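Residue numbering begins at 1 within each chain, and the chains themselves are lettered A, B, C, D and E in the order written.
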C-alpha cells in the first residue's frame, strides 16, 4: 500500500484488531429495492452507531444518504464503482459507473470494484480494474477488489479459482480483496497465503442456519481473513443491528461462532419468544434474494 | 457548504456539540523547531488519544507523521497550504506552498489557508484564497480560512477589522473561519453574526495567566464561536495533554474557564507541588517563543 | 532509442558485457500463487544480491515489495503492464492494466508489454503497444516488448513467426524485445538480425534436463541475443540462487552451458548427495506449473 | 517520505551506511566555466568509478553528459532546477529553470531546488519550492532542498537561521536538506534535530587547509548529518579523485579527518614530492573561484 | 542535444562543414521597419536561393512570408520568441511573445530566445529561458539562445561576461548559443571552450570597413565558432546577396576574410564602378540602424 493511502486506510480497519466489518448495501443496482433496502436511507440508518467499520454504497446512494452518514464519524464510506443490472442478459459483465475522482469529491474513504473472471467480457473488466487501481494510487484512495470466479467450470467456490482471482487482484494494486469462502479454513488459508494484502470474506449465499453462516465466517477468520463484507445476510435479517453486533464479536473479539449465534438467538427469543427462527430459509424463488440467513 | 463536503466536515466537528478543538502545529515553517515541536512526530504524538478534533499540519509534516496519525481514527487532519518564513523581510506575505490536490491524495479532511489583509501583497493572498476555495469545491474539501488584519492601523484585534476579514472569507467560500479574539464577547458576537459559517477563535499570543487565556476562549464561545484553534499555548505548556483536555471541557462541555483552570492547575500541583506555575511568563527574549501560557 | 532513455537503459544491461539477466515474477496474475512465488516478497527477496540485472513485476507487486527492492541498488525494476487471467476464456488476450506514468511514479527503470499475435483481439493488443510505446518516449522509459506468435498455424517457436513479431516491435518503438527461442542458433540469428535493438530470449517451457535448458539459452546467445528473461525455470528450481548465478555465468562470462550445468549440479549434490536431481520433471498435472527444470 | 520515492531514494544513499557523498557540478550557470569544470563532460567523467553516490547537474549539462553518465550505473543523477547568474544584480534570487517532469524524462533519481531566505524575492522562491515539492510527490521524485539564509543580519552560518531554514524545508516536503555548517557539532546537532529527514552539509567556502575543511565535515557528521555535498572543494582540488575517495572514507567509514588528510597528502606528495601543497590558497582575485582547498 | 532534435538540427547546419550561416530578420519588433526590411517579404525573398542555412523571424513575419519561404527547401526557419520594443523604457527586458508549440505548428526548424543578463528583470528572462528550453525538449525543437551581457559594468563584449552567459545557456539546455564577439580569437576560444554545444557569433555593431567586419567573424571561426548570425550587416548592405555569399565562403569554405572582402568589393565595383563603397557609414541618426558595414 502506498503510504498516501494511510489516513484513509486507518478508517477501514479497527485500529486495535486490524480487522474489519464492512456492510455493503449496493444491491439495488442489480436487484432493485429488495427486501431490507427498500428505503436506502433507512437501511443505512440502521447501521448508525453499530460496530460497522464501513458501508459500501453506489454514488447516488451516497448522495441520498449524506445527512444520515454525517451523524456517524466512525463509519467509513466506500464507493462501489461497478454495476450490472439483473434485467440484462449480461448481468455478469460489470461496467464502471463511477470514478475515483467522484469518490474523492464526496469524501469517501475507499473505492470498490467488482471483477468477474470467466465471462465473455472479463478482459474488459480486468482493464477497468487496472484503470481504477491507477486512479486510486493517484488520489491515495484505498481499493477494495471484489473478485469472483464465474468460469464455466463453476469455480465460484473453488480454492484454485479463488487463489488465482485473489492473487491477480493483489498484483494489480488492490489494497483489500474480497472473495467467496472456499469451504474450509484449510483451503481459504491457501487463498489468503497467496496474497500480501488483507483478504476479507463475502457473506455469500444462503445457509441453512445462522450458526452455519457464522461458522463459515469463523472458518475464514481462522484461515487468516481480515474481516467480512456482509450485505443481504444483515439487512434481510429480522434484526440487522443484532447481526452487525454479532459479526463484530466474531471478527474483533474472536468470540466463537456458536456463542455469537446463541447471543443473537437469545436476543431474538427475548423479543419474539414463540417463533421458529431458523430452518425456514432458502425457499425464495429468486436466487438473488435467498442469501440471507436467520 | 456544498453537500459534497459533508462527509469530511463531519470529522472536523464533534457530532454531539457541533463544536471543535483544533490543534495547529504548523509553526515550524515560520519559526523553525521551536520549543515544544522540535520533534514533529513527538508533538503530534502527544495529541493522540486526547479530545482533539483535528490537527493542522504542513504537507511535509503530514507525510512524516503518517504512521503516528494512522493510529487515531478520530483526529482529523487539516493541511495548511500557506507559508512564510521569519527569516524573510516579508514574513507577512503568505504564499501557497501546497494544493488541495495534495491534501486529497494524503486523505486529509480539510485544508487551511492564511490571509493577511493589509500588507503590500494582500491582493495576491486574496487571489490565492480564491484559487484554493475553488479547488476545495472541486474536490469536496472543507476550507478553513485563517483571516488576519495586518493593516497599518493595527486592526489585528479590532472588531471592525475582524468583522470585515471574517465576512470576506465567508463570501469567498470558507467553510470555517479562524480569527483573533476581539477582546469581548459582545464584539466577537458581531464578528460571528456577520458570517454564516462556523467561526473559531485563535489561541493568540501570550497571556499573563492560564485563567486569562481560558477566559478569552470562554468569551469567544459565549459570543457564538464554534471552537478554537490553539497551538503554542498547548505545545509550549508544561503538560500539553492537560491543556487539550481542559479545552475540550471548555468547548464541548461548557465547563466554566475558572473551573477548567483549577482542574489543570490541580493536576499540575499534584505532579509538582512546590513550584510556582503561573506569573513567570512573557519574559522570553525571543518574541516567537513567548506565546505560551502556564 | 531516444537518448532520454539512456540513464534508465544503463540499469537494464551489465555495463561491461552489454548483456542482461532479467527475472520476471509476473505469473501471479495469470496463474495465481504458483509454487515458488506463493509469497511475492520472498520470491523477490531470493534475488537480492544475486547477479540479476532486473526483475519484472506487476504494479501491485512492486508496491508490496518496495522495502525488499530498496535494499538492492543494482537490481533494476521493470513494471509489466499487460495482463490476462487463466480463469478467463480469453487468456491469450492481454489487456493493459498499468501505465507508463505509474511506472514513472514508482521509480521503475523500464516497462514491459505483452503482445500475442494471432488471437482474435491482436489488433487491440497492437494498438495498446503503440500507446505504451508513445508514453515511453514521453517519459524516457525503456520499453521491453514481449512478442508471442499465437497463430492457429502454431507459430509459437517458428523462425518466420518470431522474425515478424520481433521486427514489428522494433519498428513500433521497442527498446528491448523478448521472444521465444526458435530452436537453433541459425534460426534465432535471423530473428536477431531483423531487429536493430537488443533481443533477449524467454526461458520458455519445460525441458527434460537442466543442461537442455541451458543449451537453449546458450544457443540464443551464440545467435546474438543480448540476454535472457527466465522466470519459472528459476523460481521453481530447488535453488533459485544457484540458477541465477549459473545464468550470469552463461550470459555475462560466456561459460559453456555444460560447465554451468555441472557447476549447479555439483552444488546441489553437495547439498543433497543421494537424490536424483533431473529427469523427474514434466509430470506435473497442472500444465501451468510444469515449466521448471531441475 | 512517500514510499513512491523508495526506489529512487535507494540510489541516493549508500545502502550499508545510509549516508551519502553528493558531488554538485552546477556552478556553470552562476559562474561560468570556472577552473575545474571548463569541460563539463571531463568534470563529470572524473567522478566515474569513484565512490560518489550522486552528481547534481543542470538539465542541459545532463543531456550533454548522458553518454558519460551511462557508463556508471551506481552514480545517481540529481537535476538542479534553480538558477541565477552572477552577471545579474539579483544573483540571490533563484528562479526555476527546470521541472520535475524534465527530470523524470531524463531518468534522474532526484531533483534539487535552491531557496535563499532573506532577499527581496524570497516569497517567490518559497512558492516555487512548494510547487516543485508537489510535483516531486506526483512523480515519486526525491527532493533535495538547498536552504540558505541570506538575511541582512548575516545569518548564513548561524545556528538559529539554519534551524529555521532546514525545518521549513522539511515541513514543506523536502526529502533531503542541504545547509551550511554552523561552526560546531553542538550547533549543527540542533539543526539536524529540528528536522525529521536527512540533513547533509554543504562543502562551503574556502578554508585555510585541507584538514580544516575535512574537520568541518567531520563535525557535521558527528552532529548527525547524513552526508555531504561538495563541489568546488573537489573539482578545484589538484586531484579530485583523491578528494572524493577521502570524503568517502570520512562519510562512509568514519575515518578521522586527520587520517583522511594525511592519506590525501601522502598520495599527493608521492606524486609531486617537492611542492608545497597547502597554505597557498585563498589568494584568488575572484571570490567565486577561491573556495577550493589544497 | 536530445536525439529527438536530430531531424530538425540537420536543417540548421551545413551537413558537410557542420557550420551555419543564419540570417536574423527580427529587428522590426524592436526598431520598426528600418532600412532594408521595410518590406518583410522582400527582405526574406532576397535570401532565397542564397547559401543561407536559416532565417530567424518572429511568428507573424513567418506567417506573412509562408509563400516566400515555401519556395526554398534548404533555408531553415527559426522562430524568435523574445521581444521588446524600443519605444519602451524597458527595451532590455525581453518577454516571451511566442511559444514552441506555435513554432511546431508552423513547421519551424528551431526556436530562438533572447536573454539579457544584468538588467532589472533578468531573473524573469532566465526563468522564461527555462520554460522555452523545457518545451523544446518536449517537442524535439532545437533551441538557439541569444545571450547578452547587459551589466552596469559594461560586460557586453568582455570575455568573462560572455563566458558565463554562454555557459549558463548550455547548462540550461541551449542547442546553439549566439554571443557577441569578445574582440580576439584567443578570448573567444575561451568562450567556446566553456560550452559543449555549437557557439555562433553575432554580426554585432558597426565596423569601419567590410574587411574589419569579416575579420571579426574570421576570428570567431578560428576560435572554434560554428557559424554566424548576421542581420543588419546583411540587409542594410547595398547587395545583401553578395554579403550572404561572402559569409558562406568565409564560414563553409574557410576562405580568408581578406579574399572574401576583395571578392565582394570586386562584384560591387563591377556593378557600380565609380562609387565609394566604404567610409560613408555611421552617419545614421538612429544608433540602432548604424550597425551595418559596407
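Following the convention adopted for this analysis, a contact is a pair of C-beta atoms (placed from the backbone, for glycine too) under 8 Å apart; a residue touches a chain by one contact, two chains touch by 3 or more.
What you see is a predicted model, and the numbers here were worked out from it, not measured in a lab.
The interface of D-E is repeated, with over half of its contact pairs matching by residue number, by A-C among A-B, A-C or C-E.
The chain pair A-D and the chain pair C-D differ in C-beta contact count, and the higher one is C-D. Centre-to-centre spacing of chain C and chain D amounts to 39 Å, using the average Cα coordinate of each chain. Each chain gets a centre from the mean of its Cα atoms; for chain B and chain D, those two points are 37 Å apart.
Spacing of chain A relative to chain E, judged by their CA centroids, is 70 angstrom. Chain centres here are Cα averages; for chain B and chain C they lie 56 Å apart. The residues of chain B that reach two or more other chains are 63, 105, listed in rising order. The touching residues of chain D, when paired with chain B in their complex, are 1-2, 117-118, 120, 122-124, 126-127, 129-130, 133-134, 137, 149, 151-152, 155, 160-161, 163-174, 193-197. Remark: chain E residues 2-4 touch chain C in the complex.
Those residues of chain C that touch chain D in the shared complex are 3-11, 15, 63, 66-67, 69-74, 77, 104-109, 138-140.
Note for the complex: chain C touches chain A at residues 26, 28-33, 38-41, 57-61, 63-64, 83-90, 93, 95-99, 101-102, 105, 121.
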